[in-house]
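Have a look at the structure below before the remarks.
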Amino acid sequence: MTTTTGTEAPDAALSVRDVSLRFGGITVLDGVSFDAPRGGILGLVGPNGAGKTSLFNCISGHYQPTAGSILVNGTETVRTRAWRMAQLGLARTFQHPALRLDATVLENVMLGAHSWLPGGPVSWSLRLPATRRQEREARATALELLDRTGLAWAASMPADELSHGLHKGVELCRALLSRPRLLLLDEPAAGLSHGEVEALIGTVREVRREFELTVVVVEHHMGLISALTDRVVVLDHGAKLMEGTAAEAQSDSRVVEAYLGKEAAADESA
Amino acid sequence: MSYFIQVVVDGLSNGAIYAAIALAIVLVYRATALINFAQGGMAVAATFVAYALTQAGVPVLLALIAAVVFGFVLGALLERGVMRHFEGGDPDTAVVATIALLVILSGASAFFFGYEPHPFPSLFPNKTIGVLGVFVSLRSIGTIAVLLVVMVGLQLLFQGTKLGLAMRAVADNPRSSALSGLPVSRLLMIGWGLAAALGAIAGVLVAPQLFISPGMLDFVLVYALASAILGGLDSPIGAVVAAAFIGVIENLAGAYLDFIGDDLKIAVPFIAVIVILVVRPQGLFGRKVTVRV
Amino acid sequence: TRDSTAGGPGADDSASPGITDDSISIGISSPLSGATAGPGSCTIAGLDAYIEAKNAAGGFEFGDGKTRTVDFTYLDDVYDPAKAVSNFRQLLNDNIFAYVGALGTPTNAAVMPIAEEEEVPQVLLTTGARTFSNDQEAHPWTTGFVPTYATEGRAFGELLANANQPLTVATLAQNDDFGESYLDGLNEAIEGSQVQIVASATYEPTDTTLDAQVTELAASKADVLLSAVSVTPLQVGVLTKAQSLGWLPRIFLPSNTSTPGTILQPGGAAAYPAVYTPSFSKNPNSPAFANDEDVKAYLDAFEKYGSKIATTYTPHCAWSYAEGAVLDEAFQGMEEPTREAFMTSLKSISGFQAPLLLDGITVDTTTDDDAAIADVQLVQYDGQAAFKPVTAY
Amino acid sequence: MATSTASPATTSTTAPRATSRWKGVALVGVLAIALVVAPLVSSPYVNYQLSSIAVFAVAILGLNIVMGYTGQVSLGQSAFLGLGAYIAAYGILHDWPGPLTLLLCAVVPAVVGMLVALAAARLRGLALAMITLALPIVGVPLARRFDEFTGGSQGQVVSWLRAPESSGLANDQWRYYVVVLIAVVAFALARNLVRGRIGRSFAIVKENEAVALSMGVSPYRTKVLAFTIASLLGGVSGFMYLAVVQYTSPETLVFATSINLVAAMVIGGSASIVGTALGAVYYVLVPVLAGQVNSSRTALISGVVLLAVLFLLPAGLVSLPRRLARLRSSRRRPAHPPAHPTTSDEAAQTASAPTAATTDQHS
Amino acid sequence: MSLLELEDVTASYGHAQVLHGISFSLPENGATGLLGANGAGKTTTLRAISGTVRTTGRILFEGRDISGLGPDRTAHLGIAHVPEGRGTLGQLSVRENLLVGAYQRKDRKQIATDVDYVLDLFPNLQERVRSNAAALSGGEQQMLAVGRAFMAKPRVILLDEASLGLAPSTARRVYDAVVRLRREAQVSMVVVEQNANLAFSVVDDATVLETGRVALHGSRDELMGMDAVRRAYLGG
């Protein structure tokens, strides 16, 4: 199962190679390839329906690509079951926040620790000291993460009492608690106001540095993309349109045509 | 050979009984996205109305019509008075509420008519026709004919009418539907009303065979549920095909597999259903539910 | 440990719980809701009718010279053994003197060991399972009332065997002790005769129809069909299906599913050359007994008391009424207010002609291996609403 | 919640939590004493009822694990109850040691449940319900068929678990202690289980399988685990059933029992340990109470009671205290908050927690 | 006269009150914006209008108090609410979703043309017209939700972050369409939008909410001239 390719892109935390995805007659992804350099932040942009989320789903194992291969930290993962990806250091957030609304924010975040907390049903039902200690540690880390994202006040509130925008932050904490090395963020800024986007940019930079993360971010907020990413990959109709820096992308005529729209490009640069 | 055909034909007429109730289950499911255990109770209550009328000398057909009307009103009232309270809550609670309704409805039927089964007059002549040594009762043929009409009607209702579309929308997401101005409560009421009315038809069709009693449908409901699920739950055609399949395969197993015998033949359709579902979770005719992350 | 038997209030030291100088309490648990509630409520309604009528007439006379009224408590067990045990314990807690007439094999089987352990009479059960009657030494506190299913089966077998012709029989039996005992009785009686079972099928009480079984049996073209089916609609279905397949054997039906009004007429039984059934009680609704004194008394009492418990008639209503009379008889022979004395008296009744029993059928509790009613008479359907006696095949 | 922004959030939340913990400990203590003393002062009948509650509590506990916590409909719990009871009966009648019998009553149903789940856990919703429903439906004729093991339709009387002379207890008391001990252990283990890592995996599988996957939880394995635990507890409750009822027959595993167990679970409180126990109390006592009211109308009465409880407490009996507290507080507080400026201020602070929190941090 | 007027409206979820007396008005054929931080109560305000949350105070629509009416009734009166997040019927096809949007309408022929108009506006939907809504991408679902509201031919449209998850060019197109709707069909609107640039391109005036209260109200130009507003919502 583990095939390490030493030849190409040895330092890519994520390599996507010729990935295609089809549903019935619909081609969602069409031979997409790119690398996400270790420790960097890669932006993934493109018009609606371009296949960004689907690509995330392929990487995280929720979808099975029709063709192609995906290497996470050098390990081929296309045939790996989705739930094993967390152990390989992958974590993601969802475009539509998916929380347990009736549970507290802290409980939601604690789920992130699942992949590294030790013990099976027996040790948990016996509450062995080791499990208790680790659970306490996880709880402390979770609170720390909430604090860092400015959500500590909400820790013991049921998630449905938080407004939509704040759910994104809870999801981020949950993903971070899983101690990822590769983090996929799907539209983290959607629904955030300008000031909140700034804060988010700060947080992502900070955690990337601290946890030595590689981040891939899908976002339509060009401000965030410009500020945060080292490189961007632009998808259109399931195929890669171009790859380069955010600035290059924004000035690329194909990207403007397919994605930004002429006035919008003008707006952004203004 | 004629024995084989006879076994199949017997199976089909059993299947018709399951199909009658399965169609009602499909209807409620499509209209309310709920498994409704009260289905059987409502059908029995409505059939008892028909029974009481026939006892009073009313012709069966008229009694049937009265039962259908009564069923509709009963279903609508139960939705209005009881189930509405559980809308938007935990679906498990709503399902248990339907269990409570089932218990109450059969308790109430028993209160008026006792638990003993009573003979029930048939809509169709009580005759049997024989072709080449194979015998079918006119009642079974009539039942199947009515069912096919109902099946087509349901299919048209859901696929071809505004009401059907609205009911599906409400079952899918009542809140979102309300934002488009769909009268959610009224549609749910209609859904329950139609389901109970259909239950009345089913009840009147099967009562001559099963005899009417408060528990008349208790076990049929299990088969009907299996048929509805095997058919794909949202497909009237699927429910009927699955019911026929279950009826026939059960009879064949009883007749031809000695180690199965009459006692364990019930296991055969259930195991077949399980195998099919494991291979095809959405059922024979069901559409796959689309879930996306 | 604690005292296992606390005396009821007002009782002197020697008396058993549940009996005072002017009253005695008995209890029963039968299914009053669910699929078996029809027969279940009849096991209570008939008994209640007898008891209330007698109470109203002044009470029961006991062998110790006192007159007592009977307090009758009944509970619903939904045919669930755990509930039956719970009910039995509750009744004991409420100080019943005896547990009488309950319906249901599993429920009574679950109660039996407790009755033995607590030494409480569990008597005159309305179940034909042999367990409760065939070894009374092993469980001295339990007795059955109605003929065992085996007795009924045997009666058929004897009729067939005595016909002295080569006869082929098809059997359809419920897949439980009811069906099995029926067949056991039949087999015992036809052993060594020219009668041969050529096809047999079973069914589950939960089946929706028995068409498949009848089709299978019809293929045997047997002369006789023994249809040991205890579920009304299914029995009717058997009768209609067989004739629709053009198979017209002589038919044997058990005593609990042979009522003309609910089974034979709807099933078109008149089409068959003969329909036999074992019988031991009068059907109070049959015109044949319209002028019978017992029947009149029964109808009177039932109308007044029983009808609030059972709304539809099954033979169990008549049987449990007769049970009341047997109980009465036992009370009359009871010289001390104790359970032991009651059992002694109950087990020494013989030749007692209880009301509603057919002429010639008597209650005999003195044997240790059979129910209180050990005989049945075979009768034949007259094609309308009644039966006529049978002597030969 | 913090009522004043000045006081640090920690003190204001931990203080009530600490008192409520003490209250909890005291409650558990009282309950424990009650459990120990109850059988000594009760009649055999009451002890039978209490023991039955323990039996069905464990069956419902299993159901709650798979259905309440993990969200997988199971209509087959009675089959495992019956299987456990049959194994226990077989073991006792063949003179196996009690503890071994108990172990087998846990392990064999667990294995059967796991095997069923290995096929069924691929499905969800009603397709899954269908499979579980088949278990009692097929189980009843199977139990009749293999009568050399099961006693067929007559069932099996098993008289066992008599109080040892030395204990000085009556049989009913002794049986009570045995089953209650088993139930307490089962409840304690289950409570631990649903609190931590495994419990969270159950909950997320119920809520959203896609999220479960991305967090390293295999929905399939989780469901199989939940089913296995449910069947194990079902089997154990079967052992307890035999200890209390001393009899088993195909009626033990009928489908109707499964349905009633589901109703009891929801009535008690889905995904709640305390609710499970309350559900068992309901399961055992309501038929008894219905019988007291009118034995001929038990179905009608239980149905009405069931519906009434659902109406008043849709979240189950376990929500009663919360419900009462809410009723009381809403009676105290005016329906239209603006009438009282200070209260609405407090509410504003609570609702606008983000600002409150920021002030907290910076002060 | 104003078409829609909120007077001292409060709203609560269970026992948590989140709006504490909101007032503003929307003139006939007007467009007003609601601004505010996460959790300020923008969504709740829209819910109050469409009747999906418990409220007190008065909500006047065409002079008639509509508070207490459920969402189906307010929709019937001509208020279309594009909710935040997934607002589609997942197991219905794209076309069926649009038809459900037109449930109130009787003009059958016109409905077909309007479906075509929406599909034209959103070519993505055109491609997916038979797919279940649940299969669509996030942005496509958002388009569908907006399209469904268009199908209702409302008098007032409540847009809750209609640009959420939309590509910049698509977001622009949605708002262009909204502007056109206002111009051609005299539809009024309440706009909640985090992308304040977009919001200010359609509204005449706006209300800024802070923790469930009105903090500020002003015309578009007034607000855009304020430093605080620029900093918080426009950046720069």
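By letter and in written order, the chains are A, B, C, D and E; residue numbering begins at 1 in each of them.
By definition in this document, a residue touches a chain if its C-beta (ideal position, glycine included) is under 8 Å from a C-beta of that chain, and two chains touch if they have at least 3 such contacts.
Predicted model only: the values in this text are computed from it and were never measured.
**Student:** In contact with chain A and with chain C at once: which chains are those? Just list them.
**Tutor:** Both chain A and chain C are touched by B, D, going by the contact rule given at the top.
**Student:** Give the fewest steps needed to get from chain C to chain E, where each step moves from one chain to a chain it touches.
**Tutor:** Minimum number of steps from chain C to chain E: 2.
**Student:** Measuring between Cα centroids, which chain is at the maximum distance from chain A?
**Tutor:** C
**Student:** Distance-wise, how many Å sit between the C-alpha centres of chain C and chain D, to the nearest whole number?
**Tutor:** 40
**Student:** Quick check: how many Å separate the C-alpha centres of chain A and chain B?
**Tutor:** That pair's centroid distance is 47 Å.
**Student:** What is the distance, in whole Å, between the centres of chain D and chain E, each centre taken as the mean of its C-alpha atoms?
**Tutor:** 45
**Student:** If a residue has to touch 2 or more other chains to count, which residues of chain E qualify?
**Tutor:** Where chain E meets two or more other chains at a single residue, that happens at 16, 37-39, 135-136.
**Student:** Tell me, which residues of chain A touch at least two other chains?
**Tutor:** 53, 62, 94, 98, 166 - these are the residues of chain A that touch more than one other chain.
**Student:** Indicate the residues of chain D shared as contacts by at least two other chains.
**Tutor:** 141, 144, 210-211, 214, 297, 299, 353-354
**Student:** Using the touch definition up top, name the residues of chain A that touch chain E in the complex.
**Tutor:** These residues of chain A touch chain E: 23, 46-50, 52-54, 95-96, 161-166, 187, 190-196, 198, 220, 222-223, 259-261, 263-265, 267-268.
**Student:** Which bits of chain B are touching chain A when the two form their complex?
**Tutor:** 293
**Student:** Touching chain B in the complex: which residues of chain E?
**Tutor:** By the definition above, chain E touches chain B via 50, 52, 70-72, 75-76, 80-81, 83, 87-92, 96, 99-101, 103-104, 131-132, 134-136, 148, 152.
**Student:** Under the touch definition given earlier, write down the residues of chain E that touch chain A in their complex.
**Tutor:** For this pair, the touching residues of chain E are 13, 16, 36-39, 43, 84-86, 124, 127-128, 135-140, 142-143, 161, 164-173, 194, 196-197, 231-235.
**Student:** Within their complex, state which residues of chain C touch chain B.
**Tutor:** 33-35, 37-38, 40-41, 175, 201-204, 206-209, 211-213, 215-216, 219, 232-233, 236-237, 240, 244-246, 262, 266, 310-314
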